[in-house]
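Residue numbering begins at 1 within each chain, and the chains themselves are lettered A, B and C in the order written.
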Amino acid sequence: MFPFIHEIYRFPYSDYRAIPYGGYDRLPAQQRLTFVLVHGSWADAHFWDGIAAALRKAGHIVHTPEYAGHGHDPNKNVTHAMITKSVVDYIARHNLHDIILVGHSFGGTVIQKVAEQVPNRIKRLVFWDAFVLKDGESLADELPPPTRQGFEQLRASSRDDTIMLPFPLFRELFVNTASLEQAQQFYTSVAPEPAKPLFEKLDLKKFYSLPTPKSYLYFYQDNVLPQGEGYGWHPHMSIRLGLFRLIVGDGDHFTDSRTRPALVAQKLYEAGRD
Amino acid sequence: MFPFIHEIYRFPYSDYRAIPYGGYDRLPAQQRLTFVLVHGSWADAHFWDGIAAALRKAGHIVHTPEYAGHGHDPNKNVTHAMITKSVVDYIARHNLHDIILVGHSFGGTVIQKVAEQVPNRIKRLVFWDAFVLKDGESLADELPPPTRQGFEQLRASSRDDTIMLPFPLFRELFVNTASLEQAQQFYTSVAPEPAKPLFEKLDLKKFYSLPTPKSYLYFYQDNVLPQGEGYGWHPHMSIRLGLFRLIVGDGDHFTDSRTRPALVAQKLYEAGRD
Amino acid sequence: MFPFIHEIYRFPYSDYRAIPYGGYDRLPAQQRLTFVLVHGSWADAHFWDGIAAALRKAGHIVHTPEYAGHGHDPNKNVTHAMITKSVVDYIARHNLHDIILVGHSFGGTVIQKVAEQVPNRIKRLVFWDAFVLKDGESLADELPPPTRQGFEQLRASSRDDTIMLPFPLFRELFVNTASLEQAQQFYTSVAPEPAKPLFEKLDLKKFYSLPTPKSYLYFYQDNVLPQGEGYGWHPHMSIRLGLFRLIVGDGDHFTDSRTRPALVAQKLYEAGRD
């Protein structure tokens, strides 16, 4: 009845005096960041190609790890833990520190779990129109019931426990601001998505105890989830982060990664900088 | 208590395999559309003059049918069915097919009923800050109670069962981003609105069974309805469409039709194209 | 359960025929306004410096009264009534009439009370991401419980019943779109805020009987309050104004007052003009 979730909207930084923000004085005017970009469902690491190029051009270090069940991985029978392990292993293998860990869409659930495992390597978490699950939730729990039922039907009708996104849904919900030609071009990159991780309930107790700074980047033409009345990216999921920095843009869920990568890069920088 | 309306948020396109989107390949790069634009209350077909000119300049065919009780029609004693019939008859008389049927404001309720009668002539429905009524609802049911009571008082005080929009309401709610001079100029076009169709409860069962593609165009400075907490255009009414394409602009309810018609035309094209 | 507040969403201007809007014809094309700008918490009258300069350059008269407990006032032990009296006395002392009374943030609660005392001097009230309290509420009542508890802890730990805004909260919530360097610069102006007025419950019965025209200016990257699900500036507080003019901008809570003062000035003009 009372829509605010008391348990997870904790007052942040009650020990703020311990935060050495005076140290910020030593930062150069043009801050150089290390981004690790984690894509979402029906995408692979190439989702980030244009955005990563724009960030690198601005002087940043950018990593775009692929994860289990996606890209060239032929095995679609993966769990959420395997996906998380892909990203954790990538970060450890490259010995990355002070990273801005960005999750897009389903990637939000991945960075929640990655943050639990390597919190000391992360400088800030950035959720870009990304799921922020409550402890014990699955991604599917955040879908309107008819959408969830639709996904369950698509899952049941697949031969390898995947969900293929029908083009009309992709066109209207993921690339709504694109032209049809752009939508068709983007759709050639869409592969069947392993279903299991979308329905796994995640233990996120540790995530909600982490003091890691967090940002939420919201694009207001994003149409993947209904925006309001109990669903949606912002504020429905963003407020679960407790204290977070809000950055807003005018894009949709997928289109701008291709058509305006420099804009997305700038917004990710605004979300990720100190 | 649970604000999501299960019955009408159906998973769309469960039979998507039957949709020949491969046929989209044959579309020309610059898609030519046939628009039928249906205005709202306290307006007539001239509401569309600037927008229609901009659309025609871009190569589209545009129709702006007038309907019963509006424009030059001296009879204000009309029903919602008479208004619907005006548009249906216009479409049939001109033998229009593959139309992008656009409804603005009250016009949303009109295109809901028109779609029920000539579904095979319609390529896509576009609701622009328009009412999407639930089955059995009237437009008045979507107004906050004090607003509805105010309209009922204005209705009762009229001699011909109309409601005249007071200038202060028009200025603050319909043309809030305009200058006073523009608001006064626009107000010279405002005529008393037939009251009955705003209070008629509509049978919309067939509408909610139609597979017609749908879009919602939302202008975020629109102030006609409270945006949120149980009221408003988007997402409150847009989510009733099930699968829909969202397009967002920065205008208000009336002003941009006069001051930025090319912007509105572009947004309607983005909402209407395949 | 039903989130709409019947009592305060009264149908406005039911006596609209008495409003001489025909008199607007005599206004010059370039309307000259008298602004009185009332800042919020963790700020002083210098908050308005850039905005006031931009408004004056556009031909307007601008006043930026300081109020009790702020600026050079060494006494932090103030009440809401003392703050209100500061602004009322300023208006009386300068014999101001036909003023556009603007409140930012906490300043919204101040202009609510000022309007009760000098309604005849006010042409229009403008709330810019400002609190609009219900009768009997305190500002603290509009904060999410964990935020309120955090403020109560900060208050309890102060020696002079003030609340100092920790830098991380200021940076993420008040100047989220700024660079770190800008945030640090702005933070040098932040002083401990007298706590008592934030927790005082206000009698606002008279405010809700005033026919004064009202506007709400909402910046959609403002992150001070969660935007939705029972909290936030617009529409959560704006709808309490009954009839109001909505103007929307893309800024945050503090940054644009420094980085884009001309933009804020233009938006305030759009909110304030007839």
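Criterion: a residue touches a chain if its C-beta (ideal position, glycine included) is under 8 Å from a C-beta of that chain, and two chains touch if they have at least 3 such contacts.
Everything quoted here is computed from the prediction, not taken from an experiment.
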Same-residue or different-residue interface between chain B and chain C, half as cut-off: different
Fitted rotation between chain A and its twin chain C in degrees, CA, nearest 5: 120
For chain B paired with chain C, centre-to-centre distance based on mean C-alpha positions, whole Å: 35
Junction residues of chain A, two or more chains touched: 1, 220, 228
Chain C contact footprint on chain A (complex, rising order): 1-4, 6, 9-14, 16-17, 19, 21, 24-25, 27, 29, 31, 213, 215, 220, 228, 234-236, 238-239, 242-248, 270, 273-274
Contact footprint of chain C on chain B as seen in their complex: 1, 144-147, 149-150, 153, 166-169, 171-173, 176-177, 179-181, 184, 220-221, 223, 226-232, 250, 252
